[in-house]
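Two complexes follow with chain A in common, the first pairing it with chain B and the second with chain C.
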Partner chain A sequence: MSALKRYLPLLLLALVWEAAPRLHIIDPASVPPLSQVATAWWDLLRSGDLVSNGLSSLENLSAGLALGVVVGISLGVLMAWYRPLDELVHPLVRALYPMPKSALIPVMILWLGLGSASKIASIFIGCLLPVVLSAYNGARGVDRVLIWSALAAGASRRAVLWEVILPSALPEILAGTRNALALSFILLVSSEFVIGQRGLGYLISFLGEGGAYDAMFAGVLTVAAVGFLADRVYLAVMRSALAWRE
Partner chain B sequence: MAGTGIAFESVSHTYRPARGRPVLALDRVSLAVREREFLALLGPSGCGKSTLLYLLGGFLPVETGRISVGGAEVTGPGPDRGIVFQNFALFPWKTVKQNILYGLEKQKLPRPEREKRAQEFIDLVHLMGFEDSYPSQLSGGMKQRVAIARTLAIDPAILLMDEPFGALDAQTRGLMHEELLGIIERRPKTVVFVTHDVREAVYLADRVAVMSARPGRIKEIVEIGRDGRLGPEIVKSREFIDKVDYLWDSVRTEALLAQSQKSTEP
Partner chain C sequence: MARVSERSGWARALRRNALMLALAVAWELAARLHLTTDFLLPSFFTVMRRLALDTVSGQLPMALAYTLYRALVGFTLAAVLGVVLGILIARVRLARWFFDPLVSVGLPMPKIAFLPVFILWFGVFDESKILMVAFSAIFPVIVEAAAATESVDRILIWSALGLGAGERRLLWEIALPAAFPQIMTGLQVALPISLIVAVLTEMAMGGEGLGATMMQAMRFADSPGVFAGIIAIAVAGSVLVKAMEIVRRRLLVWHAEAEAR
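After this line comes the complex of A and B, so read on.
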């Protein structure tokens, strides 16, 4: 019942999407009926285009995101740990935070060429700052008595970093990484628009330019579905990692 | 093994807030704690009694004066000085058992020994059946029992307690007092116990050191004398009531002074 209620708006949207172009309320040339999009999706899947481009996208996305998360957590925690590093890096982070990172895609192309490296680098840069800030805030917010408890038990300062500061900061880090996940999709698709060659973003722009609008919509829906699924899976992992919070 | 007597020699401490003027928190505190003695540090809030404990724990640097344990100068935290905080300071991502195991792992005990010791202390503080619970699933009293077990499990010669029962309700606090005294009877330790609760101090301690309002100094030291303890019944004795009355007056003066300080602060 509650599941039905939750998905009812989507169902209604699907119905309107099917009916409006068929009744010519919307021009079917701009918005093909959903059933036609579904058929085009099926054809894309059978031809292998969807799978090969999808895999390429997922590869670049995971590489850029993983890099951003690892570097971001390290940098954020170290900034909270060493004051000089904080003083050096924090003004840069603050200045660059509001900048739309997609503006750097052409720069990446200039430096790394028209290939996966540029896409991965763009995603990495897009993910980096939210992770840095969440790790920094999480590490700064650690209760000092937790650190003291570990030190009094005989922990070294390095052990405190791994055994107290990181786990304490985990809730914030995981929330920041969720933002990074959403940003990584944006950077992925926009870098594929610009760089082309491969990927779901490339597929969408290629099909759109060729006038295959039903297939283009199929590509858009695929990206939306993959993004939604990734977020759901991430949330489930995050909940189990934070089960101790109740 | 070196002794566990503690000496504070002319220890001063200045608290420097990120904004605002530095505040002299402790002013030339000298105090000796005897081996295996239960000493209560009693004083109004803000008198620096917790700071004194943190300095002894090695968590804050001693800038002026000297603190030594068994003759050796304190330069940092160490497993010879276990500490229990008011707000438990349990690792929330670890279960009861994992919290207690943490210190034992740091002491590099072999695994079977660690497991045995952890279970022993879980039993000691009556937490059987809660080994795999997370702190968020426990009541305040249970959390503090875990914290005490975690600290006692590594068998520190000195036990530092920073208002450990301050966050508990009166009934739980009473039970915890009994448990603490029972534990110390079985495993004698030097205890430094910070509190602002006069009855608690008189009930638990061998000696009570009264601290003055800020800047904290030792105002006076009162012998309680726990020979032939009567247990909970002691609170009805004339002697207990007199000591509480006496200390209450002594602390009250300082508390009023502390309050007037607060109201004249910018």
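After this line comes the complex of A and C, so read on.
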């Protein structure tokens, strides 16, 4: 009930979306009524277009994001752990961090062609730097006293890494990964716009160029909803992963 | 003494940038020794020459101007509207009721997916690009501005009211300055987003600008052009981020944050 009350404005907007084009307050050609969009969504689902392109998007997104997160956390923690590596890599990370990640898409196409590999690589590199920096900052911020006492208590360096440093750095790592998740959606959709061939981004722009605006809106809303839900699920997982700290 | 520290300063700078230098050298060597093809990796000097040529011919400054124009106008729209909306959400109950759910859905949503909608509504020229930038960048500004306004110290407000400040003076002289550091944080998140999205819209729709130039170069298999574009965008991004940090420091001289440095 409270959720319903909270999201009432969204419901109102949906009603306006349905009514305004039907009453020709807005041109139905540029905003098809919501019920028409819903029908188009159902058709997209039944024809299999939504599923096949959605699966392609999901595959590329999870491959790029997983690579970025695993490599990013390892590199960030190693940089904090091992000083020479830090001195070597940090300037590079610092220099590349403010670079707009979207600029990489054309180079990836040049190197890897017009296919999944370019999309995955763009997502991977885009996600890498925020994760590296958050893991690095998290691991650097670990209380030295904790590490010393663990070492003094006879813990091996490996045990310190797994049982002291990683858990203490977890909040920052998880926050950085959340940024990477948002970034991965942006890079996925835009690389699909640019590369085409497959994926939800491609489906949306294909439908838009073909003038099937109700289906295009259905695709846009699907991507927006998936991105939103992914963030909410991630947030719930993150909270439960950090529950022990309370 | 000064000399020693100066020298060690140089040594440190050298060591700090050792990897960058090594990468540039490795890049040049890999290209010269033909470890890959010129197409996949044009040599460092080829790219630098291309940058210089494009700068002299005016092509690069022109493209950069287009991209920056779209990014900065979109960013300014997002900044002004975002701060106003944020303050309204924090202070007006009706605004909060209406916008709060919209913002909480809009913030994590991949806004770029709406690009075809913006093309449908506003065409393929500057208008749709700028509005797409503003739409992408506004959410972090709203969130930070609302949180900042809300967290302004109650006692500060009460004392101002007690001393006879009106609503308007309260806003301009108490609430905004107190909320300003956090609002700046929102703007610092929004600026890189603006540049990313400006480049993306140019890649997807064409129409001049660095993104369009790079896509053009890619289609003609002109790899020095693609790499020159990347370097130009990277430099533009760094300069914008740095400029924002300087603005923050300048504007917040009076704030405790600046003294802590």
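In the analysis below, the second predicted complex is superposed on the first by the 245 of 246 C-alpha atoms of A that agree within 3 Å, B and C clash if a C-alpha of one lies under 4 Å from a C-alpha of the other, contacts with A are read in each partner's own complex, and residues count from 1 in each chain.
The rule is short, and it goes like this: a residue touches a chain if its C-beta (ideal position, glycine included) is under 8 Å from a C-beta of that chain, and two chains touch if they have at least 3 such contacts.
Nothing here was measured: the structure is a model prediction, and the numbers come from that model.
With chain A as the common reference for superposition, the partners chain B and chain C occupy compatible, non-clashing space.
When the shared chain is aligned, chain B comes close enough to touch A:151, but chain C does not. In the superposed model, the angle subtended at the C-alpha centre of chain A by the C-alpha centres of chain B and chain C comes to 90 degrees, rounded to the nearest 10.
In the superposition on chain A, A:111 contacts chain C only, with no contact to chain B. Applying the stated contact rule after C-alpha superposition, one finds that A:216 touches chain C and leaves chain B untouched. After overlaying the two complexes on the shared chain, residue contacts for A:4 are found with neither chain B nor chain C.
Between chain B and chain C, more residues of chain A are touched by C.
Superposing the two structures on chain A brings chain B to within 13 Å of chain C, judged by their nearest Cα atoms.
Residue overlap on chain A between its contacts with chain B in one complex and with chain C in the other: absent.
Partner chain A is touched in their complex by these residues of chain C: 15-20, 23, 39-40, 97-102, 105, 108-117, 119-121, 192, 195-197, 199-200, 203-204, 210-211, 214-215, 217-218, 221, 223, 226-227, 229-230, 233-234, 237-238, 240-242.
Note for the complex: chain A touches chain C at residues 6-10, 13, 30, 87-92, 95-96, 98-107, 109-111, 182, 185-186, 188-190, 193-194, 200-201, 204-205, 207-208, 213, 216-217, 219-220, 223-225, 227-228, 230-232. By the touch criterion given at the top, residues 54, 57-59, 76-79, 81-83, 85, 87, 89, 91-95, 102-103, 106-107, 134-137, 150-151, 154 of chain B touch chain A in their complex. The part of chain A that touches chain B in the complex is made up of residues 143-146, 148-155, 159, 163-164, 167-168, 170, 243-246.
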